[in-house]
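Structure record follows, encoded as structure tokens.
Labels A, B, C and D are assigned to the chains in the order they are written; within every chain, residues are numbered from 1.
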Amino acid sequence: MGFFLETFFGGLMAGMLYSLIALGFVLIFKASGVFNFAQGAMVLFAALAMARFAEWVPHWLGTDSKLLANGIAFVLAMACMVAVAWLIERLCLSKLVNQEPIALLMATLGITYFLDGFGQMLFGSDIYKIDVGLPKDPMFLFEQTFPGGVLISQEDLAAAVIAAALVAVLALFFQKTSTGRALRAVADDHQAAQSIGIPLSRIWVIVWSVAGFAALVAGIIWGSKLGVQFSLSQVALKALPVVILGGLTSVPGAIIGGLIIGVGEKLSEVYLGPSLGGGIEIWFAYVMALLFLLFRPQGLFGEKIIDRV
Amino acid sequence: MSVHRPIGEVILDVQNISLRFGGVKALTDISFNVREHEVRAIIGPNGAGKSSMLNCINGVYVPQDGKISFRGQTFSHMNSRQVAEMGVARTFQNLALFKGMSVVDNLMTGRNLKMKTNIFQQAIRWGAAEREETANRAFVEHIIDFLEIQAHRKTPVGRLPYGLQKRVDLGRALAMEPSVLLLDEPMAGMNVEEKQDMCRFILDVNDEFGTTIVLIEHDMGVVMDISDRVVVLDYGKKIGDGTPDEVRANPDVISAYLGTSH
Amino acid sequence: MLDHAAKRPDAPALREKEYGIWQTTSWGQLAERVRSLACGLAAAGLTRGQHIVVIGDNRPRLTAAMLAAQALGAVPVPLYQDAAAAEFSFPINNAEVRFAIVEDQEQVDKLLEVREQCPQLAHIWFDDPRGLRHYAEAGLASLDTLLEAGRLHDKSHPTLFTHEVALSQPGDVAAMFFTSGTTGHPKGVVHTHFSLLDRAAAGKTFDKLTEDEEVLAYLPPAWIGQNIFSFAQWLACGYIVNCPESAATVSIDMKEIGPSYYFAPPRIFEGMLTTVMIRMEDASAIKRALFRHFMALAKRVGTALMDGKPVGVIDRLRYAIGNVLIYGPLRNTLGLSRVRVAYTAGEAIGPDLFSFYRSIGVNLKQLYGSTETAVFVCLQPDHEAKSDTVGVPVDGVQLKLSDSGELLVKSPGLLKEYYKNPAATAEVLTSDGWYHTGDAGFLDAGGHLKIIDRAKDVGRLLGGANDGAMFAPKYVENKLKFFPHIKEAVAFGDQREKVCAFINIDFEAVGNWAERRNLPYAGYTDLAQKPEVYALIRDCVEQVNADLARDELLAGSQIHRFLVLHKELDADDGEMTRTRKVKRGFINDKYQVLVEAMYEGRPEQFIETAVKFEDGRSGSVSATLKIQDVKTFAPTRRAA
Amino acid sequence: MLYRENGQFKTSYRADQQIFPIRQDRVVIVAFLALAFVVIPGLASEYMLRAILVPFLILSLAAIGLNILVGYCGQISLGTGAFMAIGAYAAYNFNVRIEGMPLLLSLVMGGVCSTAVGVLFGIPSLRIKGLYLAVATLAAQFFTDWAFLRIKWFTNDSSSGSVNVSGLQILGWHIDTPADKYLFCLGLVCVCALMAKNLVRGHIGREWMAMRDMDVAAAVIGIRPVYAKLSAFAVSSFFVGIAGALWGFVHLGSWEPAAFSIDRSFQLLFMVIIGGLGSIMGSFFGAAFIIVLPIVLDNLPYWFGIPVDTALASHLTNMVFGALIVFFLVVEPHGLARLWSTAKEKLRLWPFPH
């Protein structure tokens, strides 16, 4: 039982991170109808930036305060992400308005390649570590409920908390701020939004920046767990099933989807894995999502599409 | 019309069709029938549910209640393929042509039901497949000739002016050699001249091939001229049915049309 | 025809583009069809000497019908398919026609319209049944039924066809053509088998035509020219006649077929050139530069090559390059790549227009002839084509000039008579067999005939600066019409002190020109009166004047004032003949006010004119037309 | 400019419907084939054949397959690599498990197996549209990656997990020199390409395009979405499968699942985009472009004598790829094929612009 719970919680933690990345997808898809394949690349890019700036800042400023270094690095990294967002809007999205979604998807594939190359060229392609001082040592819960209790990595927990916080923040941002409302308007109907004078291009820059922010946070967390390296961009591939499971257009969908996938993955790995020869988590999430889609093509929370003639 | 057509017995019979999208009632309890060889019009203001009606008939939408019987067989809902096989063809209000293809190819798609060779024969494209292609091409060419679009045969439909695209749309339907032809606002957005041409074509079709025609239009004038019987819809309900003159006299119809600036 | 069928039954005789491909009829099939048709007609009561009208575009089955009629010794009378119904009634009555074979619903409708006036018109057969299903009129049937009847009749009377064919003599009447007379009723020109075939043969030998020539038949078959080229000569040579799919696709079909033997009146060539010029104007700068450069070269070299004059090696080389870059592609897009011999006739052709085609390597030549002479009177031999002459007499033709300077012709191809019109016949046909062409002209040193104008049109200026100077309106008009922006022109000046002209802008060309200068206009009338357009036209006119000034004979004909007409001159309004020749007299009367205004030197003049629209309705156009003066030039002696 | 179309009139539909209706085109294509079959094997260097031409041919075939699915039927797939893998491993298994299995047959069987799986993974396309489908196809990719890595049976229990075939021969023709390999691939690719062309210009092809352009209308004129889509998946994966088998057998000789990773899928997708969606010819262009470009980019510095370390070079290549994809999508969504055809049009109309 304890073991089950352990894996379960482990799953939740991982799921939180998936949701974090999935969030990036959903935001962008809602606002610009683009299925942003480049989210993973953005995570990598952000993480690289973060890691390297954290390294360089001390040399530049001669300070050795880790907090300061991380702080500045974070700001700089965020700046990079905004720049990226801006460039993407300028050079790509604005040119592809009203193209069919597939074309946009492919465009983001292009962006993925570009960012991968560009990021590694700027920041190097070795393995770097990010240390934002997340607590590393494990902790035990429910020791009284059953023997041995449940072992949980504090890092994961912290990550989960941060993720949750971020989600909350975003939710607020969407509900309360005027920009947020504008975003929702755009998401509902481009033309209409434009007609009431919402500047699409600005909105898109913002959305991509926000997505960049999500990517940065995700990047930091993953980075501090596994170290920053190219494989990080593959993490995004993990988040795809989350998105389709949750529904491309729904923030809560992303969260719940993330958790489901996270948990499902871990459990399957532990309980089915051995019998199937292990390593099944690469595809399990996808097959789950796929099977799910067969019954609900628009995902958990996605809207149904009625085509008119 | 000067030309007299032998109007036959009922071929298509729509019984108490109701259609809802979620809460929205598109059609409520619509019934009417279509006789062989006649030109039957469905008119009504915008959003009266005219197109939805057609979509129910050829299986794009599935009505919640009601039956449709065609040549005696009765269906609770139609399946597009069956409908096509039973010889019902249809054109679309806002052109649904295959933009990526040439005029000829668009018409050829209309022949797909007639083309039987399997995928392997086509891959080799020798003998049967070739012969089939040629035979159907010949048929399609007759339609091209009929619609007088020879000059545009090989142009991608996307490049044609609207009026001609409408013709191609009609052509694609004709390529199916339909016994019943559903026309969804065939004259929408056309200038007077184009409308006249279209009318001529519609009557010629009905006349040369004896095709039964069901057409939707909100241009009253045209409809009254060319159709034998008219159904009037408003807000998803049937408010009139009969010969053009009867309909013209019908108070509900008048009010409905005055109500909606037509 | 029959011996073609006998010799090479499988060789293609006719091709028609229908249903997207060129449906071919071999001589064998043709013979078969003609036989059935003939028998059918016979069964229907068509007998030797009777007339039968054929109305429609060039369609194989109509051609076959004409042959069938001739086989029976009957006389086919082709009429213009674009004529209004009313215009049919005279010829039909005049020739007591009882039978008609027509193309489609349109023609049937017209005939039915005039049926009251022509009660004797008993049978009408149509080629294309579309839309005719519900016509219940008596005597109306489709060609297929006729063919069917024919086959049956043939079975019952197997010898009839051969017998009838054997009966006909060269001297028998082959066909009758109604001349679109510029005045009064059209006259039926009667031609015998001999006259037509002899001329056809003459033309054949003259240009060494073979049975492999490809010909595109796209002009009204009722016009003698088309008839000779796609009927008489077709029979004489046995080459292949191709019928385009529809009026809209002629240029496409022309490009596909690439005729090797081509005949067209100047306006067709003019139209082609205009479109070339327009399309070039949209081309990129480089292309335009290339085009200009090589056209200049062609003007120098190409024409010389055509005329077989010696040309330097370098020039030959450069011309070859030009041929790859410009001339070849040009010929290709115009559908003239394969042309061996091309003729133009009907009216004088603009010199630049003429040399344009020759310079890009199209062997364009002129011929002289008319309905009455079965076309071939004079032909230009290869290498000897000049724009201002019409060539040397074909063998069998004698020419002489009457003292009034009118040209007289004696040739085997002369008409037999004007049908039921001995007066008219006597007028043109002298007892000793000379035909009055009514053209003024003379033979130049090289023995080439040079036509100046219609004899009756050639006038003299009266009073003013150059009193008594010769004035050849057509000559001036043609010069004007060469400019792509000018569609028609009418020059006045006979018995007046100076020359003035009406101009008809070419709507397509000028409209295009206006759009590229984004100059907004509301329609033809509006565009015509734009000051910019006037400026444009004035340049053209002044160039013409400069040109005329160089010719001491015609220096007096320089244009002093002009106006741009507010409507296009149109055959439907009787301003032109069906062959689009301007009826100067008629226009003079119709637009009296304008003419006066021009001579009285008013700056502008209001006018309202009635017009007939395509669909037969009629309305009126009115406008206030500006009149402008043009710079003229002192006569300059041409360096000898 | 070089076209002379006068007198090229068609007297039968057969003539009108041939692949190259214009005589000049036919001449060019024949000349080109002659060059490819006769001249190149003689002249091209070993490296040229091995490292450029053979991969080019094989990937062209794969691209054709993908193009049928994406370009003609409008069903996006990100799992092409998977189907190549299936083709390769299936062919391998037929080859090693069945004694004296003829090479061609095992290749074709590779294609057939991949077809079967393709149809299986195509089923979702009946319910799922567009982006959802795109992601769904990734399932295929990851599943096969895993399967061929973990399930020993597929790799014939080879210890290293990598498999290898050798001693290719058909009817006594030993395919070992690069030239042989090249000719073999060329032949096979030409045949497949012709078949593909025939399909897309036949009525099945029209059904695919109809589904792509306007699926509701397609259904109304009696096209069955199930049949149209699944047949597209089937045909597509068949060609992809054969390509995969060739890739393994002829090009690599010995390989492991990594050879058919998701990157391969993307690479093919790029070929199709850059080459031109909905064009067989374009598939060749795209393949050529994507294969030649990195080689050029790698060598460019050396030609200019600028030393660049390989890592940087690969990053650069990535960037250029990415940029190009976006560039093409923005500037010419129909890819090289469209550029080609417009150029051709211009030549036909020369000297006129339109």
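Simple rule for what comes next: a residue touches a chain if its C-beta (ideal position, glycine included) is under 8 Å from a C-beta of that chain, and two chains touch if they have at least 3 such contacts.
Everything numeric in this text was worked out from a predicted model, so none of it was measured.
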| item | value |
| --- | --- |
| Touching both subunit C and subunit D (chains) | B |
| Which of B-D and A-D has more C-beta contact pairs | A-D |
| CA centroid of subunit A to CA centroid of subunit D, Å | 33 |
| Centre-of-Cα separation between subunit D and subunit B, whole angstrom | 41 |
| For subunit A paired with subunit C, centre-to-centre distance based on mean C-alpha positions, whole Å | 77 |
| Rounded Å distance between subunit B and subunit C, as computed from the means of their C-alpha atoms | 46 |
| Junction residues of subunit A - those touching two or more other chains | 309 |
| Touching two or more other chains - residues of subunit C | 20-21 |
| Two or more partner chains touched - positions in subunit D | 12-13, 16, 216-217 |
| Contact set on subunit C toward subunit B in their complex | 18-21, 130-131, 133-134, 245-246, 248-249, 252 |
| Partner subunit D, residues of subunit C touching it in the complex | 15, 17, 20-24, 214, 242, 255-258, 276, 279-280, 282-284, 287, 290-291, 324-326, 328-333, 335-338 |
| Subunit D-facing residues of subunit A, complex | 35, 91-92, 95-96, 99, 101-103, 105-107, 109-118, 120-121, 125, 237, 240-241, 243-244, 248, 276-280, 282-283, 286-287, 289-290, 293-294, 297-299, 305, 307, 309 |
| Footprint of subunit D on subunit B - complex, ascending | 58-60, 80-81, 83-85, 89-90, 92, 96-101, 105, 108-113, 115, 117, 119, 122-125, 129-130, 132-134, 136-138, 172-173, 176 |
| Complex contact set, residues of subunit D against subunit C | 1-13, 15-16, 349-354 |
